[in-house]
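Notes for the one structure printed next.
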Amino acid sequence: MYPRPIPENARIQRALYLSSVTLVVILWLLPLLAVMLTSIRSNEELMAGNYWGWPQKFSLIDNYKAVFEQTAMLRFFLNSLLITIPSVIGVLILSTLTGFVLSRYPFRGSNLIFALFVGGNFLPAQIMMIPVRDLMVRLGLYDTVYALIVFHIAFQTGFATLFMRNFIAALPGELFQAARAEGASPFQTLRHVVVPLVRPALAALAILTFTFVWNDYFWAIVLTQSDAVKPVTAGLNNLRGEWTSAWNIVSAATIFVALPPVVMFFMMQKHFVAGLTMGAVKG
Amino acid sequence: MTTDFSAFTTTRRRFLKGTGAALAASATGLCLPALAQAQEITIISNLSNVEQRQILQRLASEYEAKSGAKIVINNMDHEAHKTAIRSYLVVGAPDICFWFSGNRMKAFVTKGLFDDISDLFAKENYKSVLGATTSAVTVGGKHYGLPMGGLLWGLFYRKDVFAEHNWTPPKTWNDFLAFGEAAKSATMIPISMGTKELWPAGGWFDHMNLRINGLDKHIALMDGKVPYTDPMLTPVFDKWNDLIKGGFFSPNHSSFGWEQAGAALAQKKAAMMDLGGFVRSAFPEADLPQLAYAPFPEIVPGVARYEDFSVNSIHVPANAKNKQGARDFLAFFYKPENLGAFLAAEGAIPPRNDCPPSKDPLVNAAVEELKKVVGTSQYYDRDTDPDMAQEGMAGLQEFMVKPERREQILKRLDKTRKRIFG
Amino acid sequence: MSSVELRKVDKHYAGYHALKTVDLKIEKGEFVVMVGPSGCGKSTLLKTIAGLETINSGHIVINGRDVTREEPGDRGIAMVFQSYALYPHMTVAENMGFGLRMAKRPKTEIDAAVKRAARILRLEEQLDKRPKQLSGGQRQRVAIGRAITRSPEVFLFDEPLSNLDAALRTQMRVELSGLHAQLGSTMIYVTHDQVEAMTMADRIVVLNKGRIEQVGSPLELYTNPANIFVAGFLGAPRMNFIEAKAVSVDASGVSVAAAGLPAITLDGIDAGGLSAGDAVTIGIRPEALRVVDPSDGVMPAFSGQVRLVEQLGRETVLYVDASPLQTTNSDSGTGNFTLQLNKVSAISVSATLQVTFDIVDAYLFGPDGRTLTPGKPVASI
Amino acid sequence: MSRVWRRNRHWLTPVLFLLPGLILFGSVILAASIETVWISLHDWDGIGAKTWVGLANYVELADDPQFYVSLKNNIIWLLIFMLAPPIGLALALIVNQQIRGMRILKSLFFVPLVLATVTVGVVFGWVYDPNFGLLQLLFGAFGGTAPALLSDETFVTFAVAAAGLWPQIAFCMILFLAGLNSLNDDLIAAGRVDGARGWRMLRHVVLPQLSQVGFIAIAVTVIGALRSFDMIAVMTSGGPYGSSTVLAYQMYQESIFSYRFGYGAAIATVLFVIMIVFIAWYLNGLIKAERSNA
């Protein structure tokens, strides 16, 4: 262990250490805390210039109610779910298939294909903006959730393939030989051997992909325009333009947007961290 | 490096549960997007004024009740809409959309993206009530949109503030300079300005150029026929420079937009502001009676009074699915009482002469003022090429922050002008 | 009809010739052990039989059927892996029934087959456990059980005991032999451990560098190795090899001379191609060497000084420095001799020994490593 | 099941498995990236026909002052982002203690990473607000006035990049924590026996073991810096007067606002080339690391 652990019995030292780290965390999250605080303030207070004092009146419910009733955030939220969940499922399915093949069925060119997946995954998305937008327009998918779903599945498949391929490659090879010797077809091997064994990786990948897709803003503004399709991120920025001085409403909406990934993160933290490290380290 | 995945197994069940729930959500959610019905009319609005949105919604509901059609309104951010319209007119067009008349409309008309609604004009006999504004939506004798309110640009101020300091709206350039000094000594910002969206800087330029060079030369510049380095612009930037150096404009104006600048006017932090009638939306209801209009002061004596008078418009995209439904709704929407109510919220001057007289003194004042105007331009970003406008307004904003860079900015703009207009 | 037949099986990896025209016939019910140093191609050969590796040319015939192009699952084989390759997410019963489930056999049939295999392997109590909960030996048995449930025509074992500790390995060896007797199936077993080969095999196949060196019963191979490689590979401690020269080659025999050794003449040599002056090797197994007391009147072949004594209980192994005699490739290093005495010995380090051996126990290997001495009666040792 | 299928399924099935992912990825991501290069050789307004102009867009780009502003800002982003690995390491060292409650604190440190960049942009827009932002509060406490960072051409890029740094630090922190957890305890113990402590221990015993993680953290940070877009779009829209644009944003602006898709594509292509250099460097490093591990 480095740094040297503070001994178990040094109670006071431990308590002091913990409190100083807590202080650092508070400073670290101060910007976010400020927005949270603002999200429970009333508009009158903000007008009166009380940005930082203790709120005299808690308008938490009012502000969030305003977000739901006066803005289309709820619609955007649902849109985000409609985009994110199918994308995650699609990515998991495709990358399990590609990862399985690329790790277990080497053939001439398989390394090249793998390199393409890996390399493509690092390209800044902006590079492909113009053709992708054009493609979606031609396919008639522009301004539908499908445009975002298709794009996200395609783009995330690069990273996810890398992830799944490395995970499956790390499984003992004899398991696969045994399955083959036992007469399992590749499909049966996938169904009965790969899928049960990669569940932890799928969990990690699911939460990573969820976060990536949910938080996407660029493609949201490039591929959608109407409220019926727009995800929360684009909605939030739109909202910010419409409610310029109503910082309490904007803050409430901001918190609302941040909530699902943060909740997902706390629910599946281990998967997230493990996935991120593995993804980054391997890729 | 190794990664320990044994940690995963403990929470696998929870994960599966989560996925299950998510799947269920997506299954129910997938049915949500409404399928387009035959009698559905979709509208894309770019209205940033909440009151106007509410009126549009109310009119839509009334029409729904009356006709049985279903109206879907998509509100877009005003700025984002400028971008989006280029896509949706080609694919996924709504049945009705908001846009701007004049050059901006013409750009889409020449690409065949707006529907010719001359039939609606004829049927409803709009020509007889619209008068001169018809020309703003007419290309080659055909009508491609209905003009909405006109916005007369000028300087807005609070009557109570002016009364308190015993000020009168400046009429000449010297008046204006003197007024600025007076405002500063009253610890007020003379001119509230927010240039984050760039166009307010363009508007200020329009005013100064119209007052110094007049309409024809201004339009020649907008059409790319006059270089930005032309000596005719020297006095414009010289005088503007004086204002900037003199601290006439809000500090840090590039970090906020017109709404925040409007709020400063309402909060008596600034004395005047250059905008259209929609400045009212930055004012609390109770303060509205204090808001007043004054024309931009004369700079070069003898130059006739020209103003930016921008006319918004409403259109039927050529690719709309329900063009008849769109016409029917427009006919309803364009009834004098409906249009009047809609425009009143914006403080815009109705294009129809049979709208009920406005209760808003500001509008009535603008109508009166407009009679004195000799000629009108639209607005910087409506009169020139969009690409030029983008570069130009950024350049003007930069000039307002770094006036010492005038030479290089103008050279750059002229390079852009040459590229665009050949 | 032979159970498994390899016809001119050839396999290349990129720039590497893994199997060189291998021909082999394995009879029904035979227990054949493939043995050889690591990298000799024995595992590759097993996998080509299984179908897990493709071959570049040749044919593989199982029970008279050419299966060269068939999938592993269709060849009628079952394989037991070194790491057991048990599926961690399945119970013992599910692991054992996996192959039959993949073949979509009725559940009752699968259950019966699993029960039968579990009974044979005494795994009835473990059927609902997962591999993680089992001991090494139990896992090994599950892996075997998984093979048994499919009632294959041929069992393939890939170093199945190498992950077990020594005691368990001995026990499993006995169990496997028993299993072979009980099932009577053809079994092909790959190992690098010559004890496993010697104790279990009906026939041993010695492989080296992708080539079969010799095939035969354990004792046959031990007594009459076809070449210096087989001679050196089988037997522990290893055979002693002495570098020598052929002095004369004629009808009566071959005389060889080595520094520090009296001239020896060997009879009945297949001397074809050998001529005087060729470098040859003399081989003597450690147990063929005897310590003699010169006072007994027996002439010693050579003498040497004891470097190391290993008391193994019933046996004693002596490592002797016999310079100027030149040995190669022996257990105790170049220049040293290994002696194995079938008794407890009081000889201690530094003692000088007089050593001799019977000429009939000596092997002569030609310059190409081929055994030149005639076959010895297999029961002679 | 037909005999042909059975004989060939061992390679046919993998091909079928690979195809959907490969086709989707190839036709959307790879084809689009290549098409961008093609479009960059045209003049195109996004609606009408494309006109072949050869390298004209690049020639113009070379003479476009805005392009150099973007390039310079990309470099500023890169430099600022280089703070993320050391700060991330420092934070990782701070929280790498097993004390009750430390786990939740650790998680809280990671939160910025999970937030959407839009959210981070909104949050920092609030921090930087010259009238009432956190920064003003801070300056106000010392009786000063906070500079309007987002409207000052000299500060704006630094301010936006600093906001982008926030989640990036959390990312590096996660990587370094993983690295710290896989340290070789024997080496640390040996170091302690040899009397190494504190900084010397970090420098001579710990850091060498973290070199691979450090490399990854730097690489990921470089790529993250070059990808910067959302934060600029949300916080400044590239302003004031284009002084905070980066290549990615300029490309977006030229295409979407000025309708110059060909020119935008040319900018994208330049970014593409820069990116490829970094990706190649990164992959090369990874392969080397993998080889030395094997």
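For clarity, chains are labelled A, B, C and D in written order, and residue numbers in each chain start from 1.
Everything below uses one rule, namely that a residue touches a chain if its C-beta (ideal position, glycine included) is under 8 Å from a C-beta of that chain, and two chains touch if they have at least 3 such contacts.
Owing to the predicted nature of the structure, the values given are computational and were not obtained by experimental measurement.
Visitor: Among the chains, which is located farthest from subunit C on the basis of C-alpha centroids?
Guide: So the farthest one, by centre of C-alpha atoms, is B.
Visitor: Write out the two chains that share the greatest number of C-beta pairs in contact.
Guide: So the chains sharing the most C-beta contacts are A-D.
Visitor: When the centre of a chain is set as the mean of its C-alpha atoms, what distance in Å lies between subunit B and subunit D?
Guide: For subunit B versus subunit D, the centre distance works out to 36 Å.
Visitor: As a quick test, compute the distance in whole Å between the mean CA positions of subunit A and subunit C.
Guide: Once rounded, the distance between the two centres reads 57 Å.
Visitor: Between subunit B and subunit C, what's the gap in Å when you average each chain's C-alpha atoms?
Guide: About 91 Å separates the centre of subunit B from that of subunit C.
Visitor: Can you tell me which residues of subunit A touch two or more of the remaining chains?
Guide: Residues 180, 185, 221, 237, 264, 277, 281 of subunit A touch two or more partner chains.
Visitor: Going through subunit D residue by residue, note those that touch at least 2 other chains and give them in order.
Guide: Expected reply: 9-10, 46, 178, 212-213, 256.
Visitor: Where in subunit C do residues touch two or more of the other chains?
Guide: 71, 74
Visitor: Among the chains present, which pairs are found to touch?
Guide: A-B, A-C, A-D, B-D, C-D
Visitor: For subunit C, which residues count as touching subunit A in their complex?
Guide: Within the complex, subunit C touches subunit A at residues 47, 50-52, 71-74, 77-79, 81-85, 87-89, 98-99, 101-103, 146, 150, 156.
Visitor: Show me the residue ranges of subunit A that touch subunit C in the complex, using the header's touch definition.
Guide: Answer in residue numbers: 172, 174-175, 177-185, 188, 192-193, 196-197.
Visitor: Which of the residues in subunit A come into contact with subunit D in the complex?
Guide: 1-6, 14, 17-18, 21-22, 24-25, 28-32, 34-35, 38, 49, 51-52, 94-95, 97-98, 100-102, 104-105, 107, 113, 115-120, 122-132, 135, 150-151, 153-155, 157-158, 161, 180, 185-187, 190, 211, 214-218, 221-222, 232-234, 236-237, 240, 247, 250-251, 254, 257-258, 261-262, 264-266, 269, 272-273, 276-277, 280-281, 283
Visitor: Within the complex, which stretch of subunit B touches subunit D?
Guide: 1-3, 82-83, 86, 90, 111, 195-196, 198, 251-256, 386-387, 390-391, 394-395, 397-398, 401-402, 412, 419
Visitor: Which residues of subunit A touch subunit B in their complex?
Guide: On the subunit A side, the touching residues are 72, 78, 81-82, 85-86, 88-89, 133, 137, 140, 142-145, 199-201, 203-204, 206, 221, 225-229, 237-238, 241-242, 244-245, 264, 267-268, 270-271, 274, 277-278, 281.
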